[in-house]
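Look at the two complexes coming up: subunit A is in both, with subunit B in one and subunit C in the other.
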Partner chain A sequence: MAARQMNTEAFNAETVRAEFPILATEAHGRPLVYLDNAATTQKPQCVLDVIEHYYRAQNSNVHRGAHYLADLATRGFEAAREQLAAFLNANGKEEIVWTRGTTESINLVAQSWGRKHIGAGDHIVISGLEHHANIVPWQMLCEEKDAELKVIPVTDSGELDMDAYGTLLDGPVKLVAVSHVSNALGTVNPVGEIVRLAREAGAITLIDGAQAVAHMPVDVQALGADFYALSAHKLFGPTGLGALWGRYALLESMPPWQGGGEMIERVSFEKTTYNAPPFRFEAGTPDISGVIALGAALDFVGSLDHDSASAHERDVLDYCVARARQCEGLRLIGDATERLGAMSFVLDAGHPADVGTLLDRQGIAVRTGHHCAQPLMARFGVPGTVRASFAVYNTRADVDALFTGIEKVKTFL
Partner chain B sequence: MQAVPEWLKSNPMGVEIGTADVFRELASCQDWETRYQRLLTLAERLPCLPASTRTESNRLHGCQATVWVTHAFDPVAGRLYINCDTDARVVKGLLACVLSGYNAQTLEAVRAFDAKAFLATLQLDDHLVSERQNGLLALVGKVRMLAHRYAA
Partner chain C sequence: MMDKGLYREVLLDHFRNPRNKGSLEEGMQRERGSNPRCGDDIEVGVVQVESRIEQIRFHGRGCSVCIASASMMTEACEGAPSDSAISLCNHVESWVGSREGGTVPHPGVEALDGARAHAARHTCILLSWRALCRLLTADAA
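Right, the complex of A and B next:
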């Protein structure tokens, strides 16, 4: 694989881009400039190949059939679990539960751990930067259990107010759930500190890592959290797949949340006993090809020289922010010191929806709207923002195209 | 039934500017820039709604931009008057296109107007026309519902 050789050479964005066929396509007859990576990243050829190969040569159900193909599929499936465990520096592959994505991972914790441990009057702390996926499952739980949802306020720069967080921890807090990186603003939250303080207060912690994993190494053991949620499709892998990492002892103490095949040890009409984690939480036939393809996506990430890839990403984002500061009539929404992957803004000239439409017409894909973070938009008093979000294959040329596009938008509005 | 207010009657869509005019303006454009410029010009022809009508109950929900719709039915003439407003100008232009087939029309004409088919002739980008989020489909739904209500 070409990418594998890159460990030995400096980062070459063109080589990386060449692995993503979609980046060479057009939108409205213009070369595609894909700046919507926080919504989903594109997929490298190796991921596409693995999906096709799986259905051509491996397709079979996992953990069931005593035959050649079933064994192939199961081995591929479990090897990917091992790979993701290593990627996150988990204590072992048993700590990785496959889910449909970050959303399902969070719901799993809310429904299984949460329904068992949260009671009337307990507090659950989230932050004002959260994606709806890390708000609504806790609201549902609080409603059911008569518990209270507390929110760490967001400062004008789009960072968490850590003093206020300290004060919230004086309450009867059972769980703290915050994002590693904000999808709407790109703010990198001080999750190490957040987790440390939560542990001191005796609370369990969940980190929503959806926007972190494609941009930075994550070491769940060093982080010290109890749960970490992610989506494969934001990590160059397929859609509809994600994972929950959880401390094994915690997972073991948790009841199942969905019943069916795979998750059981033995079933009779009198009593069913449950399988051990992670299988306890994986009822039904999983997304086998997706899991194996995520393995390929992790190979892709592993093939990059991490330091130079990171430096490249930082350079492109810094360049974008610098251009934004010089752009007349553009207002950055959120201006955190630690920022990764995304930049949000509004233009005086017009509504984000119009800006998005007129950029799209020029082949530039950005996301506009509330980014599934309506409380955050309300906090900044905007109906929504335009968000440019980046992956390792984006370049300064993409940023230049964005700002050329923005100048053109201004001539319309 | 109150008389149709002047600011509603002054909407030129469907009166001075009919569907044929909108079609002529947009479908003939050689490039997208011109088409969007003309769409924005159409948006400017929609009179602004008085602040008193920008109420929660007049809001169209499920749109990225905030869209308000007001209407009045003139039972004597049997015509439905409709106007929309939004802070997003491309969206407003699209809404104006739809109103060229709906505003100041009889209930029969409203029911007979196939907004989606009309929009499809304008050479606009498919996703603009089909996207739920911009309020176009919500407007069509609301107007058809009104036509139904007043016909009863």
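Right, the complex of A and C next:
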């Protein structure tokens, strides 16, 4: 505890905030309080600079033209792949496939690995906490293959029912796909245990890491999963870019899923042979500036003192939850022991849409609605929630502003 | 207070004390409107006598804009000939869609003027009106 306090003090949130120009915005004449980081994080100056620099000084296509700029662009592009591989402790940069985001990463696995390996009667296990991006691709696959989708139930505290999971694994399970951290509730799932049990049952595992990577170190080798999906824009990087990490042997066994340039080895009208992973899965010109900018975002994360930054994040979230427990007429939705990045709630005083609008008028940005997790909302019997979600640059002052705002909402509605 | 534009007093009054809200009676014609995006879910019930709306009620859950709009709708349409109610529904639809300007379709809906400026709230406003319009047009066909 004493050590944690010291770490919190060592962390200077103001210095970090200063790196994010957008945080100085005024919204409706009030200082912006940005608490919608689970939707997307803001971008530090270094990321913005790199994007501009790329188009001013490096713009070219990758892996093609044998000229000065093409070489610069290709080197920047591949260096970022190397950086992300190191960030995830992957077993080499060939295990990193660039995609448009978590959604596309999951669809890639469903369409490529899934269509090859899933057959009639097979089970795919997901959880009741999933984002639609980790539900619908599997539903589509199940429908096509006559397979069955099984769902790990969620307890009243918003955690996964691990006993029920154990029982599900008695079935003919081929794949388990769960989120590392729930975007709607902030619950941290016991993915290590989930993966271990799945492996024992002979199932492949995919972890949706969209909400984890900005908040905790991820070591895919230690985790032992087969696939890990993430989005750059939730990690201080640009929108429209993400990655799929996959074990190389698995990636190598998978057929391509989109055809075009880059993913081929040799094309003739009679027969085309495919490039090796990761290029096999990267048809077409990729988001080159985005990839290079993600490299800058990873530099930003690397520049933070990890221990004190995560102690600071934990302190702000714990403070928010403590304030929420004291707030009359507020009901927390989900109350997991392990929680990261987000807190969801409803107010007796009003519908989430009204609460969100009234907070917005005070400069406070939260997300309201179903958070792309309609089955989870149904589980808790609410039409939607208000979600406050945090990044490393948020402070206790942001939490204070939120609760001052909530008090105003209560008197208004 | 904050946000005079969107949350006018009249709108809040309709939200806090909705008119004609409660369970629908046996024998009413019913139509449901729901918007899974924000969880609004209401049902409109009418009794038509000689092509006139003799009785109109609604029940369900929704945000303030959704509930207030449904409440205003019941007041505006009670006793009206069914075909003028259909015209009113259409007029409200286009008035809301245009976000500003145009003639107010009915004095009873003027307080929605602030809400229609917010495109994100259009479905909230129109949920009940669209349900009523579907009900009446299906019946007229």
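The rule is simple: the second predicted complex is superposed on the first by the 404 of 413 C-alpha atoms of A that agree within 3 Å, B and C clash if a C-alpha of one lies under 4 Å from a C-alpha of the other, contacts with A are read in each partner's own complex, and residues count from 1 in each chain.
One rule holds in what follows: contacts are C-beta pairs under 8 Å (C-beta built on N, C-alpha and C of every residue); 3 or more make two chains touch, one makes a residue touch a chain.
Worth saying up front: this structure is predicted, and the values here are computed from it rather than measured.
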item	value
Combined model on subunit A: subunit C and subunit B, fit or clash	clash
Broader residue contact with subunit A after superposition on the shared chain, subunit B or subunit C	C
Partner chain in contact with A:261 - subunit B first, subunit C second, else both or neither	neither
Touching partner for A:382 - first (subunit B), second (subunit C), both, neither	second
First, second, both or neither for A:31, with subunit B first and subunit C second	neither
Which superposed partner A:374 touches (first subunit B, second subunit C, both, neither)	second
Partner chain in contact with A:358 - subunit B first, subunit C second, else both or neither	both
Where subunit A meets both subunit C and subunit B, residue numbers	350-354, 357-358, 361, 368-369, 383-384, 412-413
Subunit B-touching residues of subunit A, taken from the complex the two chains share	28, 350-354, 357-358, 360-361, 368-369, 383-384, 412-413
Residue numbers on subunit C that touch subunit A, as the complex places them	1-3, 6-7, 12, 36-41, 61-66, 118, 121, 124
Complex interface listing, subunit A residues touching subunit C	350-354, 357-358, 361-362, 368-370, 374, 377, 382-384, 408, 412-413
Subunit B to subunit A touching residues, read off their complex	32, 36-37, 40, 64-66, 86-91, 125, 127-128, 133-134
